[in-house]
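Naming follows writing order (A, B, C, D and E), and every chain is counted from residue 1.
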């Protein structure tokens, strides 16, 4: 059981933007998050991952307390190890495709499987600057799932993929998640693309 | 009349990837470009803008020859002044939203109109690092159209916008383009989103 | 303690830093674009004055600019310019000596910038020059500040070159570094301490101010 | 010409550069994270040795490490370590003198990196240390090389500090910069020229090699 | 009127007194530029605007004559006298025995290649048959001032230096010293010349007055007070 309730006031220019999110989800479920641009979806994911501190509230994942303002608990991102697909990918310019994955995990067979899923085998020795937008996005997805995280946070992970590629990737991911029992939050602007994937929905915004 | 026919062999990892595009379009038309990830859509736009040199072929815009390998003509990006929305935005980290636009053009009324269209008025003094993904993407669009280019090249310009915001932006752009007689190439993975916008279609890929 | 050397030093450091900025920025930009063997040679040449002991570098500069010899004589005859035992000589020597400290950090910072920034600016019709000034430079501000501080401080403390080519003439070439050196040599440790503390104080204020200006205007409200 | 001073200089420069890398990288990282007034003061302190003429800095170091005085005496008694007239003394002095040239470029390059790089690494469970070594450092390689070259060259040419604290003992502290200075002073310009050319050549080869290694492994196939 | 005098580093203390006395007598100001003799000669050869040169030896002024920077032959204005000197209260009467014992750590000597006092010290040690034994303890100063710094800061036990160090009233450090017998080293003759620049700059009369003054009784008594032997 995942139980999140967090608060923070963001600054958008000179405006105050209150962000107040409550979410409960089953272990192994997939939650689609949507809402208008600038509402705080990315910020929400970053708070869950431990990259941004909420002002108040709590984050409980299974039995673990990741964050609780009232008792002063705030685990580091390293302790949480939530897989994170950044909206701008945040790839490492110095590493090849394969090095991204071998930096994250040691299992060679698993890395090969991932490269297969992402269709990046032939590019495994290329650095990000030599990848197209969609190739970069797939690498960002692979890197996040390579650590087999209990909780996977994806920020518009399919926006640069063409329809066919997207379907292939989603099908593969679905199987993976089932196998590993992962809980997943996906921010998306296209609800339809997740229709046979997501069981929950979360709306962030006024 | 716009007449493009260009050739280049790309390298994807150790593979050779031949890219061979022919396109003819009316002045004032909107062309939707699609194709699989990694096929060369971004590279095609960059060749049209003068950021990457084709190996052979020609680019003719109205009466002007922008590129012609056979007679050694290759205009600089500055001479072409094609508006360009980069897939990764390429915003200037040092400039606020408004400074992006006033760097590109001097017309204050026009800048205010643009900020209005993009819904970024309240963020005009924020730098890119304080913008959400969708806000950054809107700024990238505004910057490209701020110079009122004859030819506008957009690389997945709406991928980070929610459905409502996208409709608003597209509606506003349509009017603008009509007013200015702009010719537009848009790379997209969602043909449907351009259905009442694009008159031409170009497929890049095997 | 005599204030003249301190003022002279500050003037020398300010003039040198300003000129090196004017020379160094375009040069660093040009070098950052990469290129053939010619640029590699030039970069190595720029670094070379560093490995000669300052007084020896000063000696060679003295030979080069001596009115007795070719180049120096020609400058003297044609332009009435003398680079030995004159303030402009100190400036020239300091520029040669500090050039690598100005170029190095700026060049490597420029190489680190993503190329799409410049490309975006070009498509807006901006020239390379406008792009450099308005887009590239502001985004490597921290490195430019670092280079300026190092150049300024290095020129304040420069001694060997200046002594050789300047000759310790009060009010013309007797800068603070020479004055404090003289005091130590003359075992006048009190005066030496005063000069040192003063130089220390000036640098401290300068460096601290720079660092405070250089801090990001605001912190991200999310972190 | 005597080869011993050249070898000694190369050894000093190599040891100093290596140690400064070990000290400078974590320090630059720590300073790059920004922070309170304490860090500003520390940064200013690091820069200050630059503004004192090297020989005067050497004089103060001499006072600090003299076995007659507090710190020096204590080091002597407890660790049998002497920093005057010894090779380790030269190393220590060179480290103090060159620290800002190592720290400066690395720190500002680190500040220029987008913070999402480190964040991505943290979410993979990597510590700050692992992230620094495997993600941040490789992406500022050009700046680290620049800092290393400047430090190495600067140490080769360093003269005033070394002269003061080293005492010019053949084979122990008589480095190349002193040897070439001696030759100029003794009006033995032939030997001076030989030494200078040799230092020149060594630096040239070193710098050129570094620059060639440092060039991007391959050019983008699209540009 | 002002003239510029380039003076060897060992004169740094006494030149201030000479400057003041000369000004009182003639009304002519003197800007003194001190440095090692070798440096000063390199500068003079390359156009330095100095009117008179006071060297630490005779060789350098002779070279200037040869290169045409001075018209007249150099004259000796003073002779240096060598002392062994320490900050520690040790009896230096028998310095020859003492310096080879463990009681003496480092020994400072001016670099004999470029400083006349260093040459004299080595000569003296050679005569006493100690040079090789002392080598391991020796540290070399670039100029006599650097040797003085080593002595007064106590980083060396003893040093060979000029007597003007211990006679300098500005020096606050208590020093223990012993003159080295002048018979054991060749005299350290310090020479002086008027430079060509004085003629070019129209300072020749004033420069000559300073030159005369340096050889006068008044200057000699000051030099003597600072430990120089005057001819």
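Basically, a contact is a pair of C-beta atoms (placed from the backbone, for glycine too) under 8 Å apart; a residue touches a chain by one contact, two chains touch by 3 or more.
Owing to the predicted nature of the structure, the values given are computational and were not obtained by experimental measurement.
Ranked by how far their CA centres sit from the centre of chain D, the chains are topped by B. Chain centres computed from CA atoms place E at the largest separation from chain A. The two copies, chain C and chain D, are related by a rotation of 180°, based on C-alpha atoms and rounded to the nearest 5.
Centres computed as Cα averages put chain B at a distance of 43 Å from chain C. Centroids of chain B and chain E (each the mean of its C-alpha atoms) stand 79 Å apart. The distance from the centre of chain C to the centre of chain D, each centre being the mean of the chain's C-alpha atoms, comes to 19 Å. Each chain gets a centre from the mean of its Cα atoms; for chain D and chain E, those two points are 36 Å apart. Of all residues in chain E, those touching 2 or more other chains are 39, 42, 146, 149, listed in ascending order. In chain A, the residues that reach two or more other chains under the touch definition are 11, 88, 130. Residue positions 55, 59, 139, 184, 221, 223 of chain C are each in touch with at least two other chains. On the chain B side of its complex with chain A, the touching residues are 11-15, 34-42, 87-88, 122-126, 130-135, 138, 155-156, 159-166, 189-190. Of all residues in chain D, those touching chain C in their complex are 34, 40-41, 43-45, 47-57, 59-60, 100-101, 104-105, 107-109, 111-113, 115, 139-140, 142-143, 145-147, 149-150, 153-154, 156-160, 177-178, 180-181, 184, 192, 196, 199-200, 202-204, 207-208, 211-212, 215-216, 223. Residues of chain C touching chain B in their complex: 114, 116-117, 119-127, 134-135, 138-139, 141, 220-221.
Touching chain C in their complex are the following residues of chain E: 4, 9, 12-13, 31, 33-35, 39, 42-43, 45-50, 143, 145-146, 148-149, 152, 168, 170-171, 173.
In the complex of the two chains, the chain E residues touching chain D come out as 36, 38-39, 41-42, 63, 87, 106, 108, 111, 113-114, 138-142, 146, 149-150, 153-155.
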